[in-house]
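Below are structures written as structure tokens.
Okay, so subunit A shows up in both of these, paired with subunit B first and subunit C after.
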Partner chain A sequence: MKGKELLNVALGVITSIGGFLEVGSMATSAAAGADFGFRLMWVIVFSTLCLIFLIEMSGRLAAVSKRTLVDAVRERFGFVFTIIPRSLELLVNLLVLAAEIGGVCLALKIVTGIPVAAWAIPVGLLIWIVLWLGTLEWLENTTAILGLMTVAFVVAAWKLHPDPHEALRGLIPHGAPHDAARYWFIAVSIAGSTISPYMFTFYSSGAVEEEWTEESLGANRMTAIIGMGFGCLMSIGVLIVSAMIFSPKGIHIDSYEQLAVVLSPALGRWGFPLFVGSLGVCCFGAAIELALSTAYILGQTFGWNWGENSEPRNGARFAATYTAIVILGALLMCTGIDPLKLTMFSMALTAVILPAVVVPFLLLVNDEHFVGEHRSGWIGNTVVVVVVLVASVIAIVAIPLELAGGS
Partner chain B sequence: MELVRDILDKQIRGRHGEKLGKADGIILELREHKPPRVAFIELGSATFARRIGRRFERWAVWLNRKLHVRRARYRIDFGKVKDHELDLDVDIDPLPSPAWAWERWTREHIIERIPFAK
Partner chain C sequence: MAERRCRGRRAASALVCCVLSAVCCLRCKQDADEQLQKSARSWRSSLALVQAEEKEHNVPAKYVKQVGELASKNLSKELKQPDIKPETRHDAEAVVVLANEASK
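Let's look at the complex of A and B:
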């Protein structure tokens, strides 16, 4: 691998690590740690394993077929099939975007005391300005490098000295110790926050926009494995810190404000600014990815000019779409909706739509017409089948669980 | 060439690579004592709405008539298709083309009125 390729891989890995943690992962991991100690850690690991395969597949599909996931699905399955997963994805994207805007607003509220609803429009405007003026590479690298401050959670987890045996036991799948409805609701929310469909759309669109070729497959694989693998550590860090701080005192997470001091016992006076910074930067980065992902979905479904690297006037409908979705997301947060409840609901809803988005993966990455000789191996196929089955179960149980045990 | 696999739902690109839309429909010409031939590629909201159902098609036609921006359907002569390997490359200038009416409208009425759009 040449120097420039290595640099690209390194940047890709940094992007993945920095972009992994967002409001959904943070909220679900913290809730898991507070309510069930280390016992839900296995869900993070299992979901990340699925995510690694799916991200690798979407990158491979884009690099070999030169088509984005959305393009390929429409071409292979037709318009009528396409509108089902894409409509679901658009709805979920809007809710998750609102939750991410809410995350940034919360970070600002924790610092200033000014209510979330008052920050929604200024934050939405800032997100839009960055989208309007930035290029894809600049956006990815800047937010991801800033997002590396989430490493603070791993450092804090290390400094809190968790019992290694108990932590390792958390990696083994097992049932609920108590409050089964709550346990499984948080489990499906973790899966929904980790295996986010917008990430596949964003990743494959980025790959096409950056003109990946078959030579990029090695870098794609490394980015998926190392980037997502390290990203998973951030989520585990949040869970461990939450488990060590909140679980022994029997504190349940009812609001993000409770999390503000979660890093302080381990990191002292740096804990508070690092938490606020992590929350703000990660949610800001995820909001940008979500807005772009929504514009990619519409642009690619209907065949418009699209691309974050081109000027807004050269992709007028694309730019109008991300503008509209950011306005809608900000307005949703202006209504005073509880960001934590919206996040948990959005994550469960994400789990519901997973089968509709993931099923086409298996067929596309095994279709010679699209990926030629680079079809998925049996391991990848098996994992995707497992994802589909688990996601189906998640979809069936998520909503009743939310009604029974969700916050 | 397999029409559904190689033409339908593919990206249509204009003369300089601009994205014009997707091949929402294919129009065949039936000829006496000869096999049918592909006459046009059709794109537009009425065409893809028809694939969902007739009612959706009527709504799309009605909406387009109200909005006065573009016809509900637009046809491209199949003879203008230069290549169909990855995308459907057609010999059409998108700027004056009805296929780009919404793109032009959005650009002129919304995007170009915002600073730093260029």
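Let's look at the complex of A and C:
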């Protein structure tokens, strides 16, 4: 591998690590640790394994066929069929974007004491300005490098000296020790926050914008495996810290504000600013990716000019779409909706829609017309199908139970 | 063709039955008293944790105030529910007092 390729891989890995944590993975991992100790760690690992396959597949599809995921689905299954998964994705994207804007507002609220609703419009405006002025590469790299501060969770987990046997036991799948509905609801929320459809839509669009070729396949595979693998460590770090600080004290996470103290016992004075910084930066980065992903989806579904690297005047409808979704997301947060409940619900809903988004995608990456000789292997196909279907079925059962306050 | 359709329907019915039985097995509404006990314990511990970290100068006083306000708001809302035992109510009210002190 040449120097330039290595640099690209390193950048890709940093982007994946720095961009892995966002409001959903932070909230779901923290809730899992507080309520069930290390017992839900296996869900993070299985979901990440599935995500690695999906990210690698979306990069491979883009590099070989020179088409984005949305383009390829439209070409293979027709416009009418494309509308179904894309509409579901748009709905979930809006909810998750609102939750991410809520995450940034919460970070600001924790520091200033000014309510979330008051921050929603200024934060939305800042996201829009960055989208309007930035290029894809600049946006990806800046937010990801700043997002590296989430390594603080892994450092804190290390400093708290968790029992390795107990932690390893958490990697083995098992049923609920108590509160079955809550256990499975958090499990599917973790799956939804990890296997977010916007991530592979964004990734494949980015690959086409950056003009990947078949020579990029090695770098694509390494980015997916190393980047997502290390990113998963961040989520595990959040779960371990939460399990060690909150679980023994019987603290149940009812609001993000309770979470802000989680790093302080391990990192002292650095803990609080690192938590607030991580929350703000990660949610800001994820909000940008979500807004862009939504614009990519609409642009590619309807055949508009699209691309973050081109001037907004050359892709007016693309720019109008991210503007509209940012406004809607900010307005949703202005209504006073509870950001934590919105996050958990939208993550579980993501798990419900996964089969509709992933199954057509799987058919494409096994179709010679699109990927030639680079079809997926049976291991990847099986892991993705099993994880996605199981997560979706459990989500269909767990969401009504959680809404009914079941146990 | 008809046989395949029939098999498909049977599989779909089996899936629906599994989902419904899981819902029936798990569906058990948590009573308000138990929920309030858990909330009171959780908020008491949360307040103790943030106050301990404030003493070490690891978190700002403004943050402790926010947690106090949240604890007071959430518990006061839960205290309005019927079917709460007197001892649970007494315990939760004591945490609300602590929370109000923290939020000052």
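The rule is short, and it goes like this: the second predicted complex is superposed on the first by the 397 of 407 C-alpha atoms of A that agree within 3 Å, B and C clash if a C-alpha of one lies under 4 Å from a C-alpha of the other, contacts with A are read in each partner's own complex, and residues count from 1 in each chain.
What we mean here is this: a contact is a pair of C-beta atoms (placed from the backbone, for glycine too) under 8 Å apart; a residue touches a chain by one contact, two chains touch by 3 or more.
Computed from a predicted model, the values in this text were never measured in an experiment.
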Contacts of A:227 with subunit B and subunit C, given as first, second, both or neither: neither
Which of subunit B and subunit C A:355 touches, first, second, both or neither: neither
Touched partner set for A:206, first subunit B, second subunit C, both or neither: neither
Touching partner for A:237 - first (subunit B), second (subunit C), both, neither: neither
First, second, both or neither for A:302, with subunit B first and subunit C second: first
First, second, both or neither for A:37, with subunit B first and subunit C second: neither
Sites on subunit A touched by subunit C in the complex: 109-110, 113, 180-181, 245, 249-252, 254-255, 257-258, 260-261, 264-265, 268-269, 271-272, 393, 396-397, 400-401, 404-407
Of subunit C, residues touching subunit A in the complex: 15, 19, 22-23, 26-30, 35, 38-39, 41-43, 45-46, 48-50, 53, 56-60, 62-63, 65-67, 70, 74
Interfacial residue positions of subunit A with respect to subunit B in the complex: 66-67, 71, 74-75, 78-80, 82-83, 132-133, 299, 301-306, 311-313, 316-317, 319-320, 369
Touch list for subunit B against partner subunit A, complex: 5, 8-12, 18-22, 24, 43, 48, 51-52, 86, 102-104, 106-107, 110-112, 114, 116-118
